[in-house]
Amino acid sequence: MAVFDIDPIVKSLHAIRQDWRDSQRRPREPDGREFPSREAVAQAMNELKGALFPMRLGPTDLRHESEDYYVGYTLESALHSLLDQARLELRYLARNDDDVGDVAVQARAAEAIRNLALSLPQIRRLLDSDTLAAYHGDPAARTVDEVLLCYPGMEAMIYHRIAHQLYRQGLPLLARVASELAHSQTGIDIHPGAQIGGSFFIDHGTGVVIGETTIIGERVRIYQAVTLGAKRFPTDENGSLQKGLPRHPIVEDDVVIYAGATILGRVTLGKGCVIGGNVWLTQDVQAGSYVTQADCTPSRQESTARL
Amino acid sequence: MAVFDIDPIVKSLHAIRQDWRDSQRRPREPDGREFPSREAVAQAMNELKGALFPMRLGPTDLRHESEDYYVGYTLESALHSLLDQARLELRYLARNDDDVGDVAVQARAAEAIRNLALSLPQIRRLLDSDTLAAYHGDPAARTVDEVLLCYPGMEAMIYHRIAHQLYRQGLPLLARVASELAHSQTGIDIHPGAQIGGSFFIDHGTGVVIGETTIIGERVRIYQAVTLGAKRFPTDENGSLQKGLPRHPIVEDDVVIYAGATILGRVTLGKGCVIGGNVWLTQDVQAGSYVTQADCTPSRQESTARL
Amino acid sequence: MAVFDIDPIVKSLHAIRQDWRDSQRRPREPDGREFPSREAVAQAMNELKGALFPMRLGPTDLRHESEDYYVGYTLESALHSLLDQARLELRYLARNDDDVGDVAVQARAAEAIRNLALSLPQIRRLLDSDTLAAYHGDPAARTVDEVLLCYPGMEAMIYHRIAHQLYRQGLPLLARVASELAHSQTGIDIHPGAQIGGSFFIDHGTGVVIGETTIIGERVRIYQAVTLGAKRFPTDENGSLQKGLPRHPIVEDDVVIYAGATILGRVTLGKGCVIGGNVWLTQDVQAGSYVTQADCTPSRQESTARL
Amino acid sequence: MAVFDIDPIVKSLHAIRQDWRDSQRRPREPDGREFPSREAVAQAMNELKGALFPMRLGPTDLRHESEDYYVGYTLESALHSLLDQARLELRYLARNDDDVGDVAVQARAAEAIRNLALSLPQIRRLLDSDTLAAYHGDPAARTVDEVLLCYPGMEAMIYHRIAHQLYRQGLPLLARVASELAHSQTGIDIHPGAQIGGSFFIDHGTGVVIGETTIIGERVRIYQAVTLGAKRFPTDENGSLQKGLPRHPIVEDDVVIYAGATILGRVTLGKGCVIGGNVWLTQDVQAGSYVTQADCTPSRQESTARL
Amino acid sequence: MAVFDIDPIVKSLHAIRQDWRDSQRRPREPDGREFPSREAVAQAMNELKGALFPMRLGPTDLRHESEDYYVGYTLESALHSLLDQARLELRYLARNDDDVGDVAVQARAAEAIRNLALSLPQIRRLLDSDTLAAYHGDPAARTVDEVLLCYPGMEAMIYHRIAHQLYRQGLPLLARVASELAHSQTGIDIHPGAQIGGSFFIDHGTGVVIGETTIIGERVRIYQAVTLGAKRFPTDENGSLQKGLPRHPIVEDDVVIYAGATILGRVTLGKGCVIGGNVWLTQDVQAGSYVTQADCTPSRQESTARL
Amino acid sequence: MAVFDIDPIVKSLHAIRQDWRDSQRRPREPDGREFPSREAVAQAMNELKGALFPMRLGPTDLRHESEDYYVGYTLESALHSLLDQARLELRYLARNDDDVGDVAVQARAAEAIRNLALSLPQIRRLLDSDTLAAYHGDPAARTVDEVLLCYPGMEAMIYHRIAHQLYRQGLPLLARVASELAHSQTGIDIHPGAQIGGSFFIDHGTGVVIGETTIIGERVRIYQAVTLGAKRFPTDENGSLQKGLPRHPIVEDDVVIYAGATILGRVTLGKGCVIGGNVWLTQDVQAGSYVTQADCTPSRQESTARL
């Protein structure tokens, strides 16, 4: 006799899916996978990483004489795979819009990924600047290669700089999938919308959150558990969240933000200022100033014997 | 000549394992794998995820016409695999109890997993409410599908809602393995014992900790690095920790807890209250109130030139 | 017609790589992979984990009668693989030093890994003490086996105790790769240079950061998001960071540090002291004392109706 | 310095491919993969094998209660995969025919695979008869299950009966790919065009060749190295081979053909006749007769001492 | 709309399976996999191959110092896997016999595999003699290692010598699965029942068939396409095949049989005799004699111009 | 209690390996893998196949625009892998020759593989001629692509033409491994030493054997089970086989050999002659003649009723 009575559970799950589809005004019999695949994006991102840094992050046994062959082959494979996914995203976004045909979707997808491709050299230059920033900013870093191979902040930035291009090219979902892949690997959560200048260095990184409309200048350095977040979410007259408004900090060039600091809202941290650890900030900070937690910090100390 | 002299190291490790087994009063020659496997649980959880959301989290090329077939086949496979693991856990738990025979273990394992199976439709309904809560609670969320595919909070809740059933069915170890799988992926650490109502939303999530005896109502929203923890661990007269006592917060309906807040002990956060970022709380909070950090927050600011 | 015009992008990336190599004074045509591989280290670490705990973390179907065979075979494989990687690291480190020949590199690599091998029994003993510490320190822990199988803190310590040996044997890069593998899995970031005594327990763990020159005694317990970091980075007369100076805390025996506490600089936490949650500390703490956040903690509470 | 000078070889191979494409009047820049994939067909055939015999040739851990779920899911996956391949074949066949559009190709592919799907129950019935024939015809066969699991002749017939349907549905290339997969596994080479009745048994099988226009009745039994081939290949007035003419034997019901026999041309082996081992036949054989090699068989025997 | 209407086909296949189970007097709802798995046997055989020849056919990177560890670990894994399969076979064989309980099945399975294990040293010795026989018997063989690595005849004999033990231990189905694995790889079809002495050499091998009751002495050499088969299959009074009767040749020591020769029935080829290519034999051959095809061999030759 | 007593079997197998090594005058403690790996050769051959025919036998999703990148990358990978294996073979061959140092071995290996690389364009041209020969020679062939994708004869020739180069470059063992890979897939056994001209076509192929010193001209066609073998193996005064002597047939241009024909010894089949099926030949055949089996072929026919 069977241990489990599967049939009624299958039927029940079927009914709930129909309810959900009805509630979301979806067709009850969807036409196959109409949605991008996390696995496909993951593989393409990995290939791009190899194409950008073939001798360090490409295949173990790569040799110089086939470096360009590897780059060309891998790049082409990654781009075509992203093209497929871009088509799925754009078709999905236009699913309720009868005026957008398959040809238009295909053309827009191709243009988006072509633009991503064209931006890769610039992305590599930015990432080289990030590598140097980490090397110069961390006393524990022995070589630039160690940074590239080991630092979670580098991993996060490789994904972010590509994801940001996807975001700019009108592919916010692919961008988000890409950035969540890095989030899962590193504990660093950078929204693909965030604009980040060169020579950026995140040390340790676990718990860092950088919001969608954040703008970060050149040579900025931040530590673990720093939040660059929104203060509040304005709603419109119907009580719905207003989406897309600038709501995260602007961080100017040469700022340093120590671990655990929380900066909320559309405030500006002026050029070269330093934000101390655990500081909670919801106001602008002048260029060149140093913000630390107030005097309550000297904490109370008593003998454990009295506990 | 051999580079390594392996034999003495093997012997030495052997002796240490014997010491450990002796110290734990185990047989020196254990009878094969008497313990659940992390890999087996991981695979079964992944299958359940696909069975719950076949068109989004199931195989990439699934089509509507085989949706139910896929669900039935995958479900059955996952349940039998969990049944094997449940048997291992129960037999392990009863390893010092001569009165519990194999037949009893098998019967209890089957009942536990059968109950899990029966709860799956309800789990799917709860997860649908979580998806909507995220969509409505995050201005960056564009579609419900993006939430399901990308948000680490959803990943954590899919695992938690199943793990919680395993916990309730007397399989705390399988439950813990499942929840640690999500912890590793997302940085969100929810103990499987925690009771969590519908429409729950965790944004960003890294560093969230929710303890074993926590109780959370409907429509609660929390942000990264929130801790719902224990204040102290009472010990019995022998100095041993007392296990299983209620020691974590009760969070009533419609509460919001911002990033980095720490709530410790069996306190109650009343319906609809809002806890500000970084707040440290070890007391009850009245329904409808707003708690923020005290005035020491305005931090000290001085010119970096003076450093 | 091709969708992408790959050739110019390949050429452009080629040029940027040449620029980078020039700027780093590297040969333009590197001689194959001269750098350790993350994947190879990952596999070797996994094998060592299995060799240390064959019946719990080794292959699912291992049986007692082949335990030693498995240990010997796996150990030998892991050590030879690490030997290859050690050679790559040492050759890379000596790449500008004509006086260091291949034979010398090979001899030093062999000695380093041989010393690692000899330390494995001691590492296992230390890890057994960590397992017991977790079991006795966490009311949610039901068995020592649950600790070993599920606790991210154990995973982090298995990797750390091996990585620390690699670090001590002059292989800082392999050590760092190993510790970042654990960081990615657990959110716990322990620099391989940190010296950590027996019976160490990290609960939950996400966001923990332990710096390179930290020294931790026996029976210490820490919680999630604790930072044992550097306060500032002294620079030499040229403005370059001074590397290798002691700059992280000393934590004496029996100390407990609760979640979110931040301890910075070469301070000493005296034997048996307790550091409360979220405390920010840059000074020494006397043995036996209890440090909590100062009185600003009682936070402000008002009705949400007034917002 | 590089060991190999790859560039000129790549260029040279490029030039030869261009020559080949020119000689075959192909476009110099083909549009991606326009041709079916051996791997895709192999996987689909394997899935069909599992769908036809779920408990014997399906997944090892299949249980009765999910048998139909498995069959439905696997079938649907295999059919869609074959549909993709069928489209590739039909588009390829019509590559020089401007009148055949993508819609027509798609419609024909769908019809072809739909017909294959509808024939599967009948194919299973025929294969059941083949299993019984092997069981009854081989003194070494202990059970019907042994036949299904072990006999290369069964493997060959499972592939053939499906390949023959593909052939009949106008997909000769997919059919050929499928039959060559079996040929490689078993050494049995059955052209997919061959028509074979029920209860067919091939023992041992290595070296069996059955040509395209062969017709085989019910309950026929053949042994290894039997050839049912063509005698000559008629050419048309231009000297080109005339394709598609009946040129292989007709084998009526209940015939037995022993090992190594060669039957060539459009001859008829009458009902119930028996063809002895190694016989060479190019003429019809009357029903009920027994053909053996002529008297030259008694071979010459002399002492090896004389060699 | 769905391309395929899967449901009726699933139902139809279900009905046919029920018919088959009824016709075979099987339960309509079988209890999971009650039958050995080809994949499991394949893996175990591969492991045994590595355990027998660790440095040649074991893992590529094996080193001398872990040779015994590898052998012990692999052997134990292979034996336990075969034990599981043996249990499945014996339970299947006893499925209609209420007197045979699980304990008896388990005991018999363990005894069988234990005997196989004890025979492995002798098997290795025999295989060493086969290797030398090939090396001395083939002018193209340059080294004994080439024989072991490349010769299909060696592959076939490694499988056969193990399969023959399985056969002798009352596990004919496992034995058959093992021998068909080699048949598929090599085109050499040796029934596991065949008894074959040491120093046996099969050259080329494709098409060789050696029947169940064949007995082969020491130092025999055979070439491709040789058949040692049965002449006829005696039936009992009911017309059923009589199974198990001696019906294949006896080949005495030092016999050579050239390619394509066919020897049928319980005939004896006397010590040291030589059978020429393509000879067809159904009679005894005296020791020391040389049998060639009769005079009809000189074939007819005419000008192709006359065709 | 353990089911198997592994230790004595491990010890016994150890002793037998020592015996074998002693008998072969090998060191008792060999220095790791000193022998080429079948798996490594298999993978390199597969890569070369893809590099030669990228759009047909390369990766499924290859597109024209990355064809050359794929070819360059894959070629380089395959050549370096073969270089490693060549080094192993040459070092093995020179293992008893103290005068051959590692540098010399490396130089010879590099030269050998470099020559193979240079011959690849010519190999591709020859294979193109083979493809056309099959297309024109088989009435069942519909397109040249079908030939390339499906015909076992093409598979065998791709492997052979590469293996023959390896053989000519002094790497007989790698050559043999490569040719046995094709033998296992196709049942066609071509010794890598055989010299075969362009436009060669093997139909069906199972059981074909072509010996080491065979020489085949242009436009030759052969069918299944044809043997081009040696007649006898001359021995020297010590009774040892004389290796390397010409001992297989010479087949001149435009010859056709039908299925099952056996041609033995250093005979010459003159230009354009045709050898009928099953013919046994040990003499020269004049150009332009047609050889068939003698008159004994018309076989005896009687009623089965009389049996």
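Miscellaneous remarks
Per-chain residue numbering starts at 1, and chain names A, B, C, D, E and F are given in the order in which the chains are listed.
Criterion: a contact is a pair of C-beta atoms (placed from the backbone, for glycine too) under 8 Å apart; a residue touches a chain by one contact, two chains touch by 3 or more.
Molecules present, by chain and UniProt name: A, B, C, D, E, F = serine O-acetyltransferase.
All figures in this text were calculated on a predicted structure; none of them were measured in a lab.
Rounded to the nearest 5, the angle that brings the Cα atoms of chain A (serine O-acetyltransferase) onto chain B (serine O-acetyltransferase) is 120°. Counted by C-beta pairs in contact, the busier of A-C and A-D is A-C. Taking the mean Cα position of each chain as its centre, E sits at the greatest distance from chain A (serine O-acetyltransferase).
Chain E (serine O-acetyltransferase) and chain F (serine O-acetyltransferase) have CA centres that are 25 Å apart. Centroids of chain B (serine O-acetyltransferase) and chain F (serine O-acetyltransferase) (each the mean of its C-alpha atoms) stand 58 Å apart. Measuring from the averaged C-alpha position of chain B (serine O-acetyltransferase) to that of chain D (serine O-acetyltransferase) gives a distance of 53 Å.
Of all residues in chain D (serine O-acetyltransferase), those that touch two or more other chains are 2-4, 6, 10, 29, 61, 63-66, 68-69, 71-72, 76, 80, 187, 206-207, 225, 260, 278, 293-294, 296. Within the complex, the chain F (serine O-acetyltransferase) residues that touch chain E (serine O-acetyltransferase) are 3-4, 6-7, 9-10, 12-14, 16-17, 20, 24, 29-33, 35-40, 92, 172-173, 176-177, 180, 183-184, 187, 189, 191, 193, 206-207, 209, 211-212, 225, 227, 229-230, 233, 241-245, 247, 260, 262, 264, 272-274, 276, 278-281, 285-286, 288-296.
Within the complex formed with chain D (serine O-acetyltransferase), the chain A (serine O-acetyltransferase) residues making contact are 2-4, 6, 10, 63-66, 69. Against chain A (serine O-acetyltransferase), the residues of chain F (serine O-acetyltransferase) that register as touching in their complex are 61, 63, 65-66, 68-73, 76-77, 80. In the complex of the two chains, the chain D (serine O-acetyltransferase) residues touching chain E (serine O-acetyltransferase) come out as 51-52, 54-56, 60-65, 67-68, 71-72, 75-76, 79-80, 83, 110, 113-114, 117-118, 120-121, 124-125, 128, 136, 138-140, 142-146, 149-152, 185-187, 204, 206-207, 224-225, 259-260, 277-278, 293-294, 296-307.
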